[in-house]
Amino acid sequence: MGGFFGAVSRRDVVMDVFFGTDYHSHLGTRNAGMAVWNAERGCQRQIHSIANTPFRTKFEDDLPKFSGTCGIGCISDTDPQPLLVRSHLGMYAITTVGIINNAEALVETYFAAHGHQFMAMSSGKVNTTELVAALINEGDTLRDGILHAQEKIDGSMTILLMTGSGEIIAARDRLGRLPVHVGRDRDGYCVAFESFAYHKLGYQDAYELGPREIVRITTDGIETLAPAGEDMKICAFLWTYYGYPNSNYEGMNVELMRYRNGEIMARDELARGTMPDVDYVAGVPDSGVPHAIGYANRSGKHFARPFVKYTPTWPRSFMPSNQGVRDQVAKMKQIPVPELIEGKKLLFVDDSIVRGTQLQGTVDFLYESGAAEVHMRSACPPIMYACKYLNFSRGNSDMDLLARRTIQQLEGDEGQRHVDEYADSGSERGKCLLHAICEKLGFDSLGYQSLEGLLEAIGIDRSKVCTYCWTGKEE
Amino acid sequence: MGGFFGAVSRRDVVMDVFFGTDYHSHLGTRNAGMAVWNAERGCQRQIHSIANTPFRTKFEDDLPKFSGTCGIGCISDTDPQPLLVRSHLGMYAITTVGIINNAEALVETYFAAHGHQFMAMSSGKVNTTELVAALINEGDTLRDGILHAQEKIDGSMTILLMTGSGEIIAARDRLGRLPVHVGRDRDGYCVAFESFAYHKLGYQDAYELGPREIVRITTDGIETLAPAGEDMKICAFLWTYYGYPNSNYEGMNVELMRYRNGEIMARDELARGTMPDVDYVAGVPDSGVPHAIGYANRSGKHFARPFVKYTPTWPRSFMPSNQGVRDQVAKMKQIPVPELIEGKKLLFVDDSIVRGTQLQGTVDFLYESGAAEVHMRSACPPIMYACKYLNFSRGNSDMDLLARRTIQQLEGDEGQRHVDEYADSGSERGKCLLHAICEKLGFDSLGYQSLEGLLEAIGIDRSKVCTYCWTGKEE
Amino acid sequence: MGGFFGAVSRRDVVMDVFFGTDYHSHLGTRNAGMAVWNAERGCQRQIHSIANTPFRTKFEDDLPKFSGTCGIGCISDTDPQPLLVRSHLGMYAITTVGIINNAEALVETYFAAHGHQFMAMSSGKVNTTELVAALINEGDTLRDGILHAQEKIDGSMTILLMTGSGEIIAARDRLGRLPVHVGRDRDGYCVAFESFAYHKLGYQDAYELGPREIVRITTDGIETLAPAGEDMKICAFLWTYYGYPNSNYEGMNVELMRYRNGEIMARDELARGTMPDVDYVAGVPDSGVPHAIGYANRSGKHFARPFVKYTPTWPRSFMPSNQGVRDQVAKMKQIPVPELIEGKKLLFVDDSIVRGTQLQGTVDFLYESGAAEVHMRSACPPIMYACKYLNFSRGNSDMDLLARRTIQQLEGDEGQRHVDEYADSGSERGKCLLHAICEKLGFDSLGYQSLEGLLEAIGIDRSKVCTYCWTGKEE
Amino acid sequence: MGGFFGAVSRRDVVMDVFFGTDYHSHLGTRNAGMAVWNAERGCQRQIHSIANTPFRTKFEDDLPKFSGTCGIGCISDTDPQPLLVRSHLGMYAITTVGIINNAEALVETYFAAHGHQFMAMSSGKVNTTELVAALINEGDTLRDGILHAQEKIDGSMTILLMTGSGEIIAARDRLGRLPVHVGRDRDGYCVAFESFAYHKLGYQDAYELGPREIVRITTDGIETLAPAGEDMKICAFLWTYYGYPNSNYEGMNVELMRYRNGEIMARDELARGTMPDVDYVAGVPDSGVPHAIGYANRSGKHFARPFVKYTPTWPRSFMPSNQGVRDQVAKMKQIPVPELIEGKKLLFVDDSIVRGTQLQGTVDFLYESGAAEVHMRSACPPIMYACKYLNFSRGNSDMDLLARRTIQQLEGDEGQRHVDEYADSGSERGKCLLHAICEKLGFDSLGYQSLEGLLEAIGIDRSKVCTYCWTGKEE
């Protein structure tokens, strides 16, 4: 995914940008960058790969060279950023978080005309942020250009921009799928994806951008250049999976939402009488754990941690982009506590069930380790449609999804016409799917949180939450 | 502290030593090393500082250069290791974990005679491991030398040694304060401080050394060179604080011990009727958390995580040697979840209360964040005596300890004569101390686990557990 | 300045590009890059700063990742290169050597239109090579685009380009100020600034491009896309100063030209009877040395090396871009041999006298070291006009030049109207200038090679040699 | 070989030690180190490998961490240095240059006794400097210990030592094979292998140690602890091959000696009437060049440089320890100027002929490049005995030497009994050997400097010069 942090102040903001960006490290593992500005020297910029070395280690040596009263930084899971751009709109630094599904088509549009060009990357691919800049540069002003870009882009694009005169312009994506927070302290303002990043640096919450809103931020304040849109489709997975426990989106804390989500699951199971008798309730680290805490708290069952992550040398919590590496690292990182597994009846809560491969390995291991029973609960309904806005399901086609594959096995192409029904675990087809997956993965029992329960746990106006991956409905 | 891993096999063990040593990374942050042996090339050795970069990153580039059927590696919180030594005992590689309180006196002994020398480090200090080697070299055999060293050393010394003929000799410290485990697979054996390190690599438990036992390990098996002693004084803090959740010492798992320890605390509070009415039971990360889980499970109170550690870029869980840095990093790493603090009544469990300064900061923060009540529980009794065997209390004199300072404030030097009574929270003086500390730190209530309860939680023969830091009694 | 190397072959050319580029290291000290192509993977590209570490050390680690049957590399004294460009002309890699005097004006031209953009560098400056690419992309084909760029650029631009289908296109600057050589071996072709670079790699001379000629090079051969122009103005300083001893330009070897140049100076001095009686003839390292060898050989005087460069740790022979650093490093590098200076009468030959500051320091040192006499000879006439094609005089204005400053001191603005006459050391004003500089710098005698003599030494058709810096005449 | 630099002053000497050591970089390519001392912090020490990166680059980052009024540094072609040693003689830093032929025997001596030990290096070898320290520590004082070490060591050992109280002790090897110079400035003293190193730093010559002399150097002056011995055997190769042009040994400059050596060769050839008619006299770079300059100056033949070294990226002038690499790098570095070879009659002067393999390659290349004639002159007589004092012939046995191999081919074992006669090129056997080598290597003519001529060129008392490699006589 990626994340960013910017600041504009009456004092030097290099350290704020450094630490503020660092606190977005859980959102990406490939590239990171910083650009700072001061009146004398203009822009200074640095980009490093963070594939093997964390952000702080990589940028520490650059700090003495930087000085500035305005700056932006980014953690990128894709291309090198931020870019410095010169066009008829002047010079500016830009970083983006998002996905452009029609990138090649947009590039082709530019190829038609002479004199246009992109600085390609090694692979020949055009840097996504350069493409966004090209779209912006079609406008008469940065504001108009950003609106134009948002319109042309099929996908989702959140933009952070530092102008050649030391101001910050932030633009949330068209449907507010990702958050943009503004903080304030005595000397100025900052902008971040994660609000906890600036809380730790002494900033207070000042503003949260609405969907497609564009703001200019200077030491004098926050000015809306283009108003927020009506429609919002913020990603539900920010709460169930992506977000850090300290993150707040639309005013709702991630950790709290997960407790509540687990509690609702337990409450509903108690009501249905399906809660098994287990020794321990446990979470699949990392994001399954708080769902499990909520489940345990509500059910009165003992909470435990039969898997512990070895963090000292595996700091990246989250998402190497290659699935094979992701599985391997996950395996090296997760270390079992046999005393909490052998002969025990365990109920595990996982954040979601996407492809099912990693889960399969976990279950196999548990039984091999002597678990008496393994009951599995998913903190959200089965994923039925691959995400096309944030790509969190990593470029998988729908048929890579465990639920869809199982449906295919159950009744072939015909089944794909009843995905809606399958998604409802109360329906016949839904029960059938649940049963099939449970059997395939070898659980003693399986349960999914319902879409109702999930939306209840999130707690904001449900029309504002994107549920495409479960319903396949864009609106 | 530090840790080590060694392997001897019929196949190449470089990757085993690499990953096995890496799994001890939680035990040290300064230096690390690997030495491997094969019949053609003899010894190959590499040492790196791991102060800023984790073990794996530092040693990855060395792997292609290494090949060997025997090898040892170490994570050291002190001097560079392993050392290669040549003496009348031949050539060998050696790494140690421990503390020598009489190091300077031992060095002086050597200075008396001509021709003896130590290769000093930058500071002028003699490398502890070189000093151990010098003591060993006074013996006629490695076995005799190790016994001689164990006798001369005031402190504690666990030794791992690889001979010039590709065998491993492991020696547990005289009173078994630290563990030494031996694992076995089809092709050979390995030896480790943490048994989970080799479980992940496919080895099975084969043997656990007794106090001061010396074994030779070859591909043919494990041979005891010097038998275990009767007396054992394994450190109780391995369970309450040092150990990784997956660690087992004397057959007792750390995570499980902590759950039980928390459960006993809750049980006893319920019995005493002192358990406060709280919204959440929570642990001070990292080691306080499982104590809190146990407490929550037994008390039926809801467990929660009002502090979350930001691990992506602060991987080292544990112990920068400078206290100031330790406090600072701890602060940057711990990020609050305001929604779980504001207006809430919280009961926190910490692993121990040593100096109290870090705890003070935490409590202040909680009240500033709007906590309604903060109740604190320590997973062990107040530390009354600074450790002189493993130095875990980091060279503090007794009077750096919060309890001793408070006693001094309560009744001056006279109080220091009644430390035993103060340590018993059921006694008059004990209650008085509890009350004073509670007031000083500003808790709504304070409780300590009793020594009885702690030993019950550890569960092994209590005469085998070192309780010096609470009782001041060596035996 | 900078240099480049490219190869296209039926075998892998990575090592050829690596070593071939490395052999251009004397031409730049800032950035270097390599781009290689193969049919499966397309383009791979890497750029490193070489400010502190030589090319080979920086790129060695990249070699295993590269594979390709076509590749280009560059040593750049300015911006990072080569760039990968995508436009309506497809994808290509491009590197350039040259100077664009009207860069900002060209950029402004682009700013007028929406949608155009440049990826700025930290300083805000547009990468020269990106600007060249933008000009090329205005053409309908690469050939037309290059011709268009050559026409628009005020300055000099030599271009090396690798297409997305693994062909090489090379274009010499409009007036052939810099050379472009093509070599051939059994498997393919290569292209280089310095022909000795490919001689060492087993290639034979195949072709030398004429001014503004454009060629396409494939494994099948060399095809002229645009023919050479009539007019050539190759830089005379390539022989007197820039070139490596092994370099050949227009068929004339640099070392040989310098011997001959020194011989002509000696011959003319003998004829004029102005040759002083000295103990040693010596050169100011590096480029003055071969001029001095020629002078010594012809005069029969003993050659010696009273200054020796300390090369083991000062490898860069040539041109840090900051004049202050250049002077400092030069001083640390040059170590005197007092035995060859004290009490000796010395005749020194320097390649040229530009600003005079470094020379001044050298002379002062010689007298302080006890030299009995110091006679100075410049291997070319006094520089009267700052170069505007290759920038070798490093952005100095005319009035930074020693000769022009001295003229100003001699007769003020009036003098600047007689620069031509001053440049001729046979004229009255020429003698007067010579005398004034000699006195100012404190030599016992001073002599300049005449323009006639210099052109004789170069030996090619004199109309093809640029003599702007002496005559101020562009044609 | 290696070199060192030390300084003790009333001001900080870190920069002096840094640059002074750097100026010894031509003497080694493996390891380098610095140790500095100040009253507050005691010793600080750093060691780096310089195998791939020059000294300055490696130590630049350490400079801010160092501060001290006393310091030593070294360039080592062997083991890591300087070492910090603690013994009954206190703490000191030590670095050495030399060879210990009986190292293993000395180590064995120590192994006999219990408690002695060496910190072995990866290979299992004992660090030579640690062994020297062990010998020193057998004395009652540093002075006595050094004398003891000098007596026990078979080979040659020059020692630089910094005491724990910030004084310097320097000891020249027993027979003064290598030089030790002391310099002085206003604030203190320095000591170096190469005097030009401190000249560049503003020090004046103050003292040159005699053979086996030991001096203590403080800010107060130079005190002789043990007087110089009568006998000196300084290495003749310091002048013919090892020394830098700026180096002075026993008052004789290297560059000057080489000119004179070449002049004597030319003078004698003129007298004998053997000087061939050639177009150019040239030197085999680097050390052959000044011999050739002298030859050309005296003979009146033109000097030229048909081979030029590509120094920008091959900075190390001198001696990778692996012969294969040495040959390869030499080949990549030396670039011919075909215009000075093709069709030319060339006389080349090389510093010496040792194994002959590299020379063979050079000659082959010259003929392939079209040389009409190649005449070879060696600046010293044929090497007949492998050096056992400084190991400059790199561990070759006598039979690796070209001359000895040729003798064996000429008359078998019988020939080895007449080595003396063969070494005299005026004798029958000498002429025969000359003829045989000339034919084997394919020269048009071959000549050796005579031992007489060589000693005349060196110019100091001939009994003080070691000529073992030509005469096989130790005294």
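Chains: A, B, C and D, in written order; residue numbering restarts at 1 for each.
The definition used in the following text is that a residue touches a chain if its C-beta (ideal position, glycine included) is under 8 Å from a C-beta of that chain, and two chains touch if they have at least 3 such contacts.
Please read these numbers as outputs of a predicted model, since none were measured by experiment.
Asks: Need the graph distance between subunit B and subunit D over the touch network, please.
Replies: 1
Asks: Which of these, C-D, A-C or A-B, gives back the B-D interface, meaning over half of its contact pairs coincide by residue number?
Replies: Among C-D, A-C or A-B, the interface that shares over half of its contact pairs with B-D is A-C.
Asks: Counting only Cα atoms for the centres, state how far subunit A is from subunit B in Å.
Replies: Subunit A and subunit B have C-alpha centres separated by 37 Å.
Asks: Could you state the distance in Å from the CA-based centre of subunit B to that of subunit C?
Replies: From the centre of subunit B to the centre of subunit C is 64 Å.
Asks: In subunit D, which residues are in touch with two or more of the other chains?
Replies: Residue numbers touching two or more other chains: none in subunit D.
Asks: Which of the chains touch, listed as pairs?
Replies: Touching chain pairs, listed by label, are A-B, A-C, B-D, C-D.
Asks: If you look only at subunit C, which of its residues touch subunit D in the complex?
Replies: Going by the criterion above, the answer is residues 19, 22-23, 25-26, 52-57, 196, 199-200, 244-246, 248, 253, 255-256, 259, 290, 293, 296-297, 300, 302-305, 308, 310-318, 332, 335-340.
Asks: Mind listing the subunit B positions that touch subunit D in their complex?
Replies: On the subunit B side, the touching residues are 42-46, 83-88, 91, 107, 110-124, 126, 130, 133-134, 137-140, 164.
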